[in-house]
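Here come two complexes built around subunit A, the first alongside subunit B, the second alongside subunit C.
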Partner chain A sequence: MVGKNCVAIASDTRLGAQAMTVDMNFPKIFPMTDHTMIGLAGLATDVLTLRDQFKYKVKMYHLKEDRVMAPRTLAHVVSSTLYEKRFGPYFVEPIVAGLDPRTHEPFICCTDTIGCIDFAKDFVVVGNATENLYGMCEGLWEPNLEPEDLFETISQALLNAVDRNALAGWGAVVHVITPERVITRNLKARCD
Partner chain B sequence: MECLLGLVGKDFVITVTDTSAIRSITVLKHNEDKTRVLSPHTLISFSGEAGDTINFSEYLQKNIQLYGIRNNIELTPAAAAHFVRRELAEALRSRNAYQANLLLSGYDKKKGPSLYWIDHLAALVQRPFAAHGYCGYYCTSMFDRYYRPNMDLEEAKDLIRKCLQELHHRFIINLPRFSVKVVDKDGIREIEL
Partner chain C sequence: MDMLATNPAVHPTSTAKQAAFSPYADHGGTNLAIAGADYCILASDTRQSSGYNINTRFAPKTFKLSDKSVLATAGCQPDCNMVVTRVKHSMKGYKYTHNKEMSTPAIAQMLSIMLYQKRFFPYYDFNILGGLDEEGKGCVFCYDAVGSYERVPCNAYGSASALIQPFLDNQVRNKNQQGKEKVTEFDPVARLSIDEAMRIVKDAFTSATERDIYTGDFLQIFIVTSAGVEEQLHPLKRD
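This part shows the complex of A and B:
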């Protein structure tokens, strides 16, 4: 979700094998640079594989180019990494959220499993509870939210969406990225 | 149909595996060992396709032992778990994937005991307790109810007994014997419940 000079990214924390919950504390959002995070929803094995791959690519970019990767660049790295496996895809839908390292302009986007980028000015949703999330975000989001208001908006949207989805939930984590710092909060959710 | 359980206690990990080798509707064997020792303080237990599990776990075992000999240092459980995941993940996207579910239990001198849950898709998570197969449906809820961090060995054995009792009571498949192993600072040993 985009706010005023800030972005927020949030996910639930459940890992399941079909309907059986295996872990209630499985991270799906990973910091890539100081101002950019990537969220990966989908098959857990690919979440881990791609996390490692993107970490590697971002670090190599940093070493080779001697500058921090911008979120827009990362989005294209994500897209091409996924499209490389066009006919045997990673079953993961990523979200990139961050602030431009120089201008601090907010940036969010998501892609599908084969890397088709969807840029957005307001919010993007991926994963299991997308229908619910679209409804919640459409209802709650408004432009130019301050970090604290954005936190409240994204948290309410996520919690109320996953509470109506049997395969999501079991806690949530929210990161609000501002030019000064990243605010990370773990939310308690319904665990039933 | 197979049963793998694991539980982290105060300074040990306890793992339970059933000992039945089953093919179709027939039990071939009652004393099958479904574990392999990776290093003196790391043990994996496995279930899945009969050939794949043994092939894969022995491949891991030999490679981790080779690492130990070459570098004269034991691979930590965390490092071993990530090695296992990588091997499994690379095989998954090839023509010869391994159909194997694993529990890796280990004791690290610095970090203490740890248990990793790895499924046949190479998803890796560290857990205080974990189960694979149908018995997960019965035992994870038992663990959720009765597990506490820092359990001593007697308490852990008690909880495992509760789980097995539940399996005998509710699970349609007859699993008469289980092998229970403990990994702690002294290494790996089999115990009686």
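This part shows the complex of A and C:
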């Protein structure tokens, strides 16, 4: 979700195989640079593989280019990494959220499992509870939210959406990325 | 061609065909209802579609039953119409036998039975019955296709229900909001003024129209109060 000079990225913490809950505290959002995070929803083994792969690519870029990777660049790295496996894809839908390292301009995007990028000015959603999340975000989001308001908006959107989805929930984690700091909060949620 | 003419077994009209009858269609559309302390609001969009086609932009699927009750239907349109016709018919019978209007909870129970009678060839129809109960309180009853029903403070049914229902949980029932009084099934009445509820209804539908292709065109709102039923029509996006 985009705010005024800030972005927020949030996920639930459940890991499950269909209806069976396997883990109630499974992280799906990973920091890539100081101002960029990536969220990976889908097959857990691919989540871990891609996390490592993206981390590696971001670090190599930093060493080769001697500058921090911008979120827009990372989006294209994500896209091409996934499209490389066009005919045997990773079962993962990623979200990239961050601030441009120089201008601090907010950036968010998501892609499908084969890397088709969806740029958005407001919010993007992926995973299980997308329909519920679209409804919540359309209803609650407004432009130019300050970091604290953005936190409340994204939290309410996520919590109420996952409460209506049997395959999501069991807690939530929210990161608000501002030019100065990243605010991370773990939310309590219904565990049923 | 020669072989076709001489060998009747390979002629297209003589080969076996699988006959199929599919009695159900989904015509999309969304309904929403909120019960307040002394009012009830029912809202539905008026688009009727089949797949990617829009059949018509104005096909109302919410109907006034009496001065105190309104029935909103979504699913297969002919089934919806049949249910509404039958409910109205039964209400007339009730009035002639007992010389009084049927109360909303009574209609609720009757509708449940009516749906369950078709348990093994159900109406493809998701109903929300709203209005005022015997005490004058707002009431909303929501049903599944075979008549299982429940009295709730607010409900969304139809193609955009997944989009609207969590929004109602949050804004009407105050779920996940610390320090705010929750609206539970035990006292299923929203703590909102009519104006606040109307704002939420319109917000919910403009949001749903953005993302759901089966919802749009017009928003029909029925406001039930002790003064009777007021009907409003608002435009929605037509794309």
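Simple rule for what comes next: the second predicted complex is superposed on the first by the 192 of 192 C-alpha atoms of A that agree within 3 Å, B and C clash if a C-alpha of one lies under 4 Å from a C-alpha of the other, contacts with A are read in each partner's own complex, and residues count from 1 in each chain.
The working rule: contacts are C-beta pairs under 8 Å (C-beta built on N, C-alpha and C of every residue); 3 or more make two chains touch, one makes a residue touch a chain.
The model shown is predicted, which means the values in this text are computed figures rather than measured ones.
Participant: Touching A:A8 in the superposition: subunit B (first), subunit C (second), both, neither?
Facilitator: neither
Participant: In the overlaid three-chain picture, which partner chain does A:M20 touch, first (subunit B) or second (subunit C), both, or neither?
Facilitator: So A:M20 only meets subunit B here.
Participant: State whether A:E131 touches subunit B only (first), subunit C only (second), both chains, or neither.
Facilitator: Touch partner of A:E131: subunit C, not subunit B.
Participant: Of all the subunit A residues, which ones make contact with subunit B and with subunit C?
Facilitator: none
Participant: Considering only the defined contacts, which subunit B positions touch subunit A in the complex?
Facilitator: 85, 89, 92-93, 117, 119, 121-125, 127, 130, 136-137, 140
Participant: Show which residues of subunit A lie in contact with subunit B when the two form their complex.
Facilitator: Residues 15, 17, 20-23, 26, 43-45, 48-49, 88 of subunit A touch subunit B in their complex.
Participant: Using the touch rule from the top, collect the residues of subunit A that touch subunit C in their complex.
Facilitator: Of all residues in subunit A, those touching subunit C are 131-132, 134-136, 138-140, 156, 159-161, 163-164, 189.
Participant: In their complex, what parts of subunit C are in touch with subunit A?
Facilitator: Interface residues on subunit C, with respect to subunit A: 160, 162-167, 169-171, 175-177, 203-204, 207-208, 210-211.
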